[in-house]
Amino acid sequence: MIIIMKESASAKEIESVEKLLAEFGFQTHPIQGEKKTVIGAIGDKRLLSMNQILTMDGVENVVPIMKPYKLASKELHKEPSVIEIGHGITVGGKQLAVFAGPCAIESQEQFTTVSKAVKASGANILRGGAFKPRSSPYSFQGLEGDGLKIMYNSGQELNMPICTEVLDTRDVELVAKYADIMQIGARNMQNFKLLREVGKCDKPILLKRGLACTMEEWLMAAEYIMSEGNEKVILCERGIRTYETATRNTFDLSAIPVSKELSHLPIIADPSHATGTYKYVPAIAKGAIAAGADGLMIEVHNCPEKAASDGAQSLTPEKFDKLMKELDPIAKAVNKILL
Amino acid sequence: MIIIMKESASAKEIESVEKLLAEFGFQTHPIQGEKKTVIGAIGDKRLLSMNQILTMDGVENVVPIMKPYKLASKELHKEPSVIEIGHGITVGGKQLAVFAGPCAIESQEQFTTVSKAVKASGANILRGGAFKPRSSPYSFQGLEGDGLKIMYNSGQELNMPICTEVLDTRDVELVAKYADIMQIGARNMQNFKLLREVGKCDKPILLKRGLACTMEEWLMAAEYIMSEGNEKVILCERGIRTYETATRNTFDLSAIPVSKELSHLPIIADPSHATGTYKYVPAIAKGAIAAGADGLMIEVHNCPEKAASDGAQSLTPEKFDKLMKELDPIAKAVNKILL
Amino acid sequence: MIIIMKESASAKEIESVEKLLAEFGFQTHPIQGEKKTVIGAIGDKRLLSMNQILTMDGVENVVPIMKPYKLASKELHKEPSVIEIGHGITVGGKQLAVFAGPCAIESQEQFTTVSKAVKASGANILRGGAFKPRSSPYSFQGLEGDGLKIMYNSGQELNMPICTEVLDTRDVELVAKYADIMQIGARNMQNFKLLREVGKCDKPILLKRGLACTMEEWLMAAEYIMSEGNEKVILCERGIRTYETATRNTFDLSAIPVSKELSHLPIIADPSHATGTYKYVPAIAKGAIAAGADGLMIEVHNCPEKAASDGAQSLTPEKFDKLMKELDPIAKAVNKILL
Amino acid sequence: MIIIMKESASAKEIESVEKLLAEFGFQTHPIQGEKKTVIGAIGDKRLLSMNQILTMDGVENVVPIMKPYKLASKELHKEPSVIEIGHGITVGGKQLAVFAGPCAIESQEQFTTVSKAVKASGANILRGGAFKPRSSPYSFQGLEGDGLKIMYNSGQELNMPICTEVLDTRDVELVAKYADIMQIGARNMQNFKLLREVGKCDKPILLKRGLACTMEEWLMAAEYIMSEGNEKVILCERGIRTYETATRNTFDLSAIPVSKELSHLPIIADPSHATGTYKYVPAIAKGAIAAGADGLMIEVHNCPEKAASDGAQSLTPEKFDKLMKELDPIAKAVNKILL
């Protein structure tokens, strides 16, 4: 790391910093500028954090040199990861992944109807919520175990992998029994105990970006999962929180090229949660594919105005079908396969 | 709720909205403006959400009338809540609550030293982390169970209540055994399963505001806890995430008067996490008390440059003592008791 | 507008609100809910603002019904505007607009070299800064009048329209003499005097979105220009300010479909300022075109490491050429013409 | 500055960076870490910007060492500035400055009434808007020249300095003729031409923080003014834009201690614009004074529900009087003089 001393730092203050660094095994390289001294320090940051040095007199700032994530970074793993999901589907390669289905699973009939429709239009992974994180304790919280079985039945019947969210460390085992992909939702992106728990499973994890989390925090969350042995992490950009209220969240398109620059993990886009409004889903879906996303996650409901959750952002099966047809030439233009 | 129809909405579209509302038991009151129609709808929002109506053709916007929280609101509970913590301490009354202690518990010796110092300066509640939510899986994660026992010992010895964070539904029972107050951290503010679990306990809950959560989402998180039967919730403003990088977070001073306007729950301020820098802690602490906060949570460490966690934002016991003396006349000026 | 009264509002408070509304010529329609009263008010909002009613006792909130912009809205002008730029170029139709050139104009030679290169690759409008808004008073501020002449020469020589920024009301006349399109930069989006001044000109205006401005404020800025008689406004999304630091700004892809929903004005994307890093420009450019943007503004410099301004986000002519070739099939996929 | 090379940077890439730095007169100090090379560069940043180096192959990041502002910084001017306003008033010393008055000047009668009231309660500077930056072109834009005369009359009559906003470079001369303090509003904080123009005047400048501007950008705006010779700059924190909607803006309390750490310029707080709601003004005003602000700017209107602008955030003279009495003991507690 680099320690920038204040213009007013005394020789004694500079010496104290060098001494503490040496005490923790760092090599130090002071550079005397015209007005300020800068100290380059080479050593193991886990032993002495930037934060600690910041408390010392005369220190103005401390700048990290190494990225805090390793397993998620491209430095160790230069080629993009291609993750096997089951049922013959992979995420991260030339074939785009399309996760589609209702926000919440409401009944076997509803889920089967929607699943068949989205499969017919070209979706290759089913999504649906059995455990729902709802902002109100009085809202529908999901069918839980029954929902998992409904999804599982449809997945088996249609030969498609299924993806569903897990909210609680106590449910990981149960969800892992049914799901092909376990989703960590935006609100749990920094629920570190849950990250560790899914890191012990052998199932791919869809890791949604936290509401107001940086790219670095997101990759650190992936690192938590990977550090437990599960390297099958798929990132999902679902919009971040900004001051803008015209959309529910602000879809951060840059997350796609930035993650490709920093990490080997695949990244998909969720235009439904990003916008909160079905009308804006197609534009965001198209933009994400053109920008290099490895796939999409889209909410589809056969009767949005009667949906138990998030109706406003769901496409009808007809609108989803139209969108898939419009996406196909864009996928081809960026050398990917959709339909 | 109020449904605002588009200028271009057809009579048929307006009729469809009224019909759906009626189907779900709402009374409707259309108002025909010069250019747009607006429909007032009276009924039970849990049956039909705003989101669902937003999907209908011709609808421009839906505006809620009732607040989504009830137990946390002032409408049902007009007087400010005063919460009993144990060891004779209350939060929310004339006496200010001062939570102080190190970020992480490192040893019995360290914790006892800091605890005695902060008590001598006027702190009335001990804080410390046994389970630590760290952004890196490679950082110190806390002493866990052993940390709880260390805290408990100090609390008993000094006759002071202790406050510590719980991260996982599986640890709630254990933490509740030792802690007088259980803390829900910012990253778990929307971990709804954890909120429900602590809602089943009989211990006061310190509910930190999520990194990028609105006042309404924060009160909804309190509602989750309260809806399970535990009404002893203390809010804690610890800074929100904004574009500004001069401080670790942006302390939202308005959270104090806004929460007092909307809710009966007490609110304290955490200037240590809000700023991330010990230098700025005193100004924020003073501002919060003057603005009406019911107390403070401040990190104190006897040797910040060797702290296992968050050294940069910790005050030394000497600086904490000086701050308490400076805070005293401000507390008096707003008719509160500190020392 | 809709006035939502507090649950605790007295009959007298409700009456006072109705009386004030009547005094200002509003018709009122009270709706008595189970717990709250809501008043629908029909009239001219310019006479009595929401803000004023908010000060009255018993009022909880006031909700607007009508959009505050008219000329910029789609309600009066349902078809997308196609704006003529000169030299046979239009913005807003099937042909995509590609503005390219260096951030700052440094010399005739530099500008001619870059201009010829970008024209050869398919750009159809030249961009360059003569008056530069720099965050430091000690940075290069642009060649000003000389820069305008340099641009003008290149535009004439290559038969291409030129676009450049105007910063000061006192310079509008001069800039209008040389430029085909005048740009209002992000930092001046709410410089209302400047907006009015360019609104009096007969030249198309490229209106960049303010750093932290909402869609509504942006369209209100367009309304300022249009209300003076100049309806030739082109919107330009250039990224908004968020907490994320991996990119200079956060490109708001949703601005494209949202502006198309609310307004008839064309919208282009500026991936150079949005990202601040040349590496991320291609992904954002592709995403914007796929999402429906009417064009792009891209910084190109023949020697970015020696650029007088914003080198880090400039493409070399070679990279620009490659990008144009990659964009072409995406443009075709969304039924637009690029090359 | 410090150049951090990528882990994958080749010896040749490192050499090229060193060569370019040398070409621009920088001394270079390479430090070879375990995985990355870091280059310390000492020289004149105005000649070669960080941005330019960022474009070079193999460069990961560039970190500045020196602050970009000089005149505004504490490094050159260690003692806090005390600025003389006229009429015997100073800002920045022990006496707190209280700017009070209506948002917009509506008539001589209105302004005189409010001015007398606020003076009686202890305000020492009059504020009012003659030129108003309104987000709608259809809203009241201020009395302009007539408003200036009204203010001037009151200032003379009551022997109080007056403060009013200037929006346009063309109006600077006129406003400087009447006003004792010229205000640069939040929306013009980066209107660099206007900053330069007021920098040529001999009147103190109240510089409001831009809607989404960082502390550094704010001090750079002050630097613009000061670099023209006018060192009498007073900062004014008026809330920043965040995702939170419970208040109009988010008052950034930390701006007070951070500005005191970085700069010698005085700083006042504007709780009226920060909150947008009169109810929250007292708490923010108290917090700001306790945190070390040098004064307050508060909107006061004798009839807020009929105010031509921003009624919702105005205090009545009675509420202002009550607030001043409550502020007095807080001022004393932090060793300042209010009444």
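A, B, C and D label the chains in the order they appear, each numbered from 1.
Going forward, a contact is a pair of C-beta atoms (placed from the backbone, for glycine too) under 8 Å apart; a residue touches a chain by one contact, two chains touch by 3 or more.
As the structure is a prediction and not an experimental result, all values here were calculated from the model.
K.L.:
Count the touching C-beta pairs: is A-B or B-C ahead?
P.N.:
Pair with more contacting C-beta pairs, A-B versus B-C: A-B.
K.L.:
From the C-alpha centres, identify the chain that is farthest from subunit C.
P.N.:
B
K.L.:
Roughly how many whole angstrom separate the Cα centroids of subunit B and subunit D?
P.N.:
30
K.L.:
Round to the nearest whole Å and give the separation of the Cα centres of subunit B and subunit C.
P.N.:
It comes to 38 Å between the two C-alpha centres.
K.L.:
Which integer distance in Å separates the CA centroid of subunit A from that of subunit B?
P.N.:
Comparing mean C-alpha positions, subunit B is 26 Å from subunit A.
K.L.:
Listing for subunit C: what residues touch at least two other chains?
P.N.:
212, 241-243, 245
K.L.:
Show which residues of subunit B lie in contact with subunit C when the two form their complex.
P.N.:
Counting only subunit B, the residues touching subunit C are 2, 4, 7-8, 29, 31, 33-36, 38, 40, 42, 63, 65-66, 75, 212, 241-243, 245.
K.L.:
In their shared complex, at which residues does subunit D touch subunit B?
P.N.:
Going by the criterion above, the answer is residues 212, 214-216, 240, 242-247, 250-254, 256-258, 260-261, 274-275, 279-280, 282-284, 286-292, 329-330, 332-334.
K.L.:
How about subunit A: which of its residues touch subunit B in the complex?
P.N.:
Touch residues, subunit A against subunit B: 20, 46, 49-56, 68, 133-139, 167-170, 187-188, 190-194, 196, 210-213, 217, 220, 223-224, 227, 241, 277-278, 304-307, 309-314.
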